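Attaching a single structure in structure tokens format; questions to follow.
Note that the chains take the letters A, B, C and D in the order they are written out, and that residue 1 is the start of every chain.
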Amino acid sequence: MATYPLDRTAYLLVDPYNDFLSEGGKVYPFIEAIATEVGLLDNLRKLDRALRAHGVAVFIVPHRRWEPGDYEDWRFPSPTHRKIMARHNFARGEWGGEWHPEFAPKPGDTVVQEHWGASGFANTDLDLRLKQKGITHVIIAGLLANTCIEATGRYATELGYHVTLVRDATAAMQHDMMHAAHELNGPTYAHAIVTTGELIASL
Amino acid sequence: MATYPLDRTAYLLVDPYNDFLSEGGKVYPFIEAIATEVGLLDNLRKLDRALRAHGVAVFIVPHRRWEPGDYEDWRFPSPTHRKIMARHNFARGEWGGEWHPEFAPKPGDTVVQEHWGASGFANTDLDLRLKQKGITHVIIAGLLANTCIEATGRYATELGYHVTLVRDATAAMQHDMMHAAHELNGPTYAHAIVTTGELIASL
Amino acid sequence: MATYPLDRTAYLLVDPYNDFLSEGGKVYPFIEAIATEVGLLDNLRKLDRALRAHGVAVFIVPHRRWEPGDYEDWRFPSPTHRKIMARHNFARGEWGGEWHPEFAPKPGDTVVQEHWGASGFANTDLDLRLKQKGITHVIIAGLLANTCIEATGRYATELGYHVTLVRDATAAMQHDMMHAAHELNGPTYAHAIVTTGELIASL
Amino acid sequence: MATYPLDRTAYLLVDPYNDFLSEGGKVYPFIEAIATEVGLLDNLRKLDRALRAHGVAVFIVPHRRWEPGDYEDWRFPSPTHRKIMARHNFARGEWGGEWHPEFAPKPGDTVVQEHWGASGFANTDLDLRLKQKGITHVIIAGLLANTCIEATGRYATELGYHVTLVRDATAAMQHDMMHAAHELNGPTYAHAIVTTGELIASL
């Protein structure tokens, strides 16, 4: 079990948008089954409470909010970019692109630049802002387990951070994606893969 | 089906070491079943022949060859680093860390810096050397489907490249890892996921 | 003299804020002498007109707009960060942090993420967005010659771009800083260092 | 005056090759006057002794050793690349590309990947290897003040490190280059610019 130097640990909350986390959100129906099964919302609440109570720094790691024109003149939009072009996920100025009200940034939180792809580190200021707070350990939660969470975690390891995944504070569209994230790929790069309960107990 | 501007396309061959590709290699026993099933060696031979015949630039993307002391004074070695510390995979100066004789670099190939983690781009010169050759499309093959290949592919997309995975020119330790790489995660970031035969037919 | 493939060339306009370019701006008094001497404003107007007329992509590369709290909890703010903390340069929501009205982004321009330090590439999406437009050549103008322009240019070369500096479409606080930027350091990394007139003549 | 947490401080010695530091080296004649004036060799000896005695981690940050073919098929070699193509500086396998015998790596030192441009961080593993040793402060010495040292220092600041330049443990080809490095540009990004004597006194 990892132990956390609390003043050097950050909680990275990835993409806490209504589109992902709220009933009526554009992506929510696709993850609802697994989110319900693992208790996603309740675990995010518990994490939020416990980590803040222990003084852990909170970083909000948001996906690019879709704007008209996005990706349309890009040379090589990825399949995910194409989906977003069609569905307008996390549209800027719309409810879906607003923070889920329980997980909006609080005073003192760091909101990093929006990421265009899947990794919260790629083409953003996340690494710099973690370094400027002296962070060495990151605990990553939010959506989706096998896309943004996994990509952010893989980058964190390449950048030299200690990486923790929280298996029931994330979700995915299919069970095999959860399995891939936590049983197949996570164990190759993550330093700890724990439940919300285990994490809180270890603080 | 993607089409390839041949003078702007590179073939990234990841980790063509004896330890991965040759009988007697340290990792080979763990991938042998799937390598045999997909015809890995024969497909790598076909790709190598066809891509070179079409003038596609070949980049060798090698994992750090283990040396005594590696990772021992690192703050946060990953689970993969710990495995390598125990097993001495791709040891520098040993047969396992030599190129498989059929896939050694040829004159004119680019051998990029060794990567410490899973992505061939992280902490190496791969992006610069691709840019300096004017490369915009990368075709990624080699080992392992869900670790170095997937990490290299994810980074390539974040960096703005067009990314192709070749599903039978790679292997993994388990079937569900191949499934995760090509059916679950690849489709979120890769622009094309093809067989060796399909790729060659499209050149 | 360099020639420019116009569909692969971008004009990077760095920090076109009132604080830098307008009378009454916080930094303007410190650069006014040299700006006047080289004809900065008029040259930026000429560049803007000529490059847009030739269809060159325009990228606005903005410095972080100061907000209350900025840098205060950073571990190692640089001397430049400390100056900004004291002076509130480019304050968000104030006139000084607004675009100079003649150089505000126009429809179709790309406004990249704000940079925290001196390089427009560091901790931002500039490289990705250039790549996604297929850009290979960058023409860099704006402020200051020996800080943000030089840092952006040095990074551009390290990233594999063709780099042009425009010696009279920038300014600095002292003459020796202009000399350092264009006669000492620029010649080590920039592919072309030209006047506005020379650049326009070469399009 | 900065103080240094010795277990989190690294000494980055940039390009300690015979071509730079030894009589008979290819670049040495161009820097000899200033090197002699500031006492470069003797100061590097003092730094080496003092920093090792205090247990500071030593990182060797080497320029790419020239090999036949280097840069010849590059799209945009920089002016510095072109010079190296003509002069074969730091040729691999030749005396000029060997370490100056007094500054060769010692057991326990970290030798990072060779850099292709000017910054020791660009396209190398320097950031990762510093992070994996828990380094937060870098003291940069070696050659040249306004090229590799300055570029490495600028990147270090963008990456969130505390940066110290040592004004008499470097050299340049001209006095105005030293002035630019330490009086004009360094003061914008470096957290400390000191003499060898001042640095040693502060340990």
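The rule is simple: a contact is a pair of C-beta atoms (placed from the backbone, for glycine too) under 8 Å apart; a residue touches a chain by one contact, two chains touch by 3 or more.
All values reported here derive from a predicted model rather than from experimental measurement.
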Item to check | Chain separated most widely from chain B, comparing mean CA positions | outcome: C
Next on the checklist: Looking only at C-beta pairs that count as contacts, which pair of chains has more of them, A-C or C-D?
Outcome noted: C-D
Checklist entry - In angstrom, rounded to a whole number, how far apart do the mean CA points of chain C and chain D lie? => result 28
Checklist entry - Can you give the whole-Å distance between the Cα centres of chain A and chain C? => result 33
Checklist entry - When you check chain B against every other chain, which residues touch at least two of them? => result 75-76, 116, 122-123, 127-128, 131-132, 134, 136, 158-161
Checklist entry - Quick one: in the complex, what on chain A touches chain B? => result 75-76, 78-80, 116-119, 122-123, 136, 146-147, 150-151, 154-155, 157-163, 174, 176-177, 179-180, 184-185, 187-191
Item to check | Residues on chain C engaged by chain A in the complex (per definition of touch) | outcome: 73-76, 113, 116, 122-125, 127-128, 131-134
Item to check | chain C partner contacts - residues on chain B that touch it in the complex | outcome: 127-128, 131-132, 134, 136, 158-161
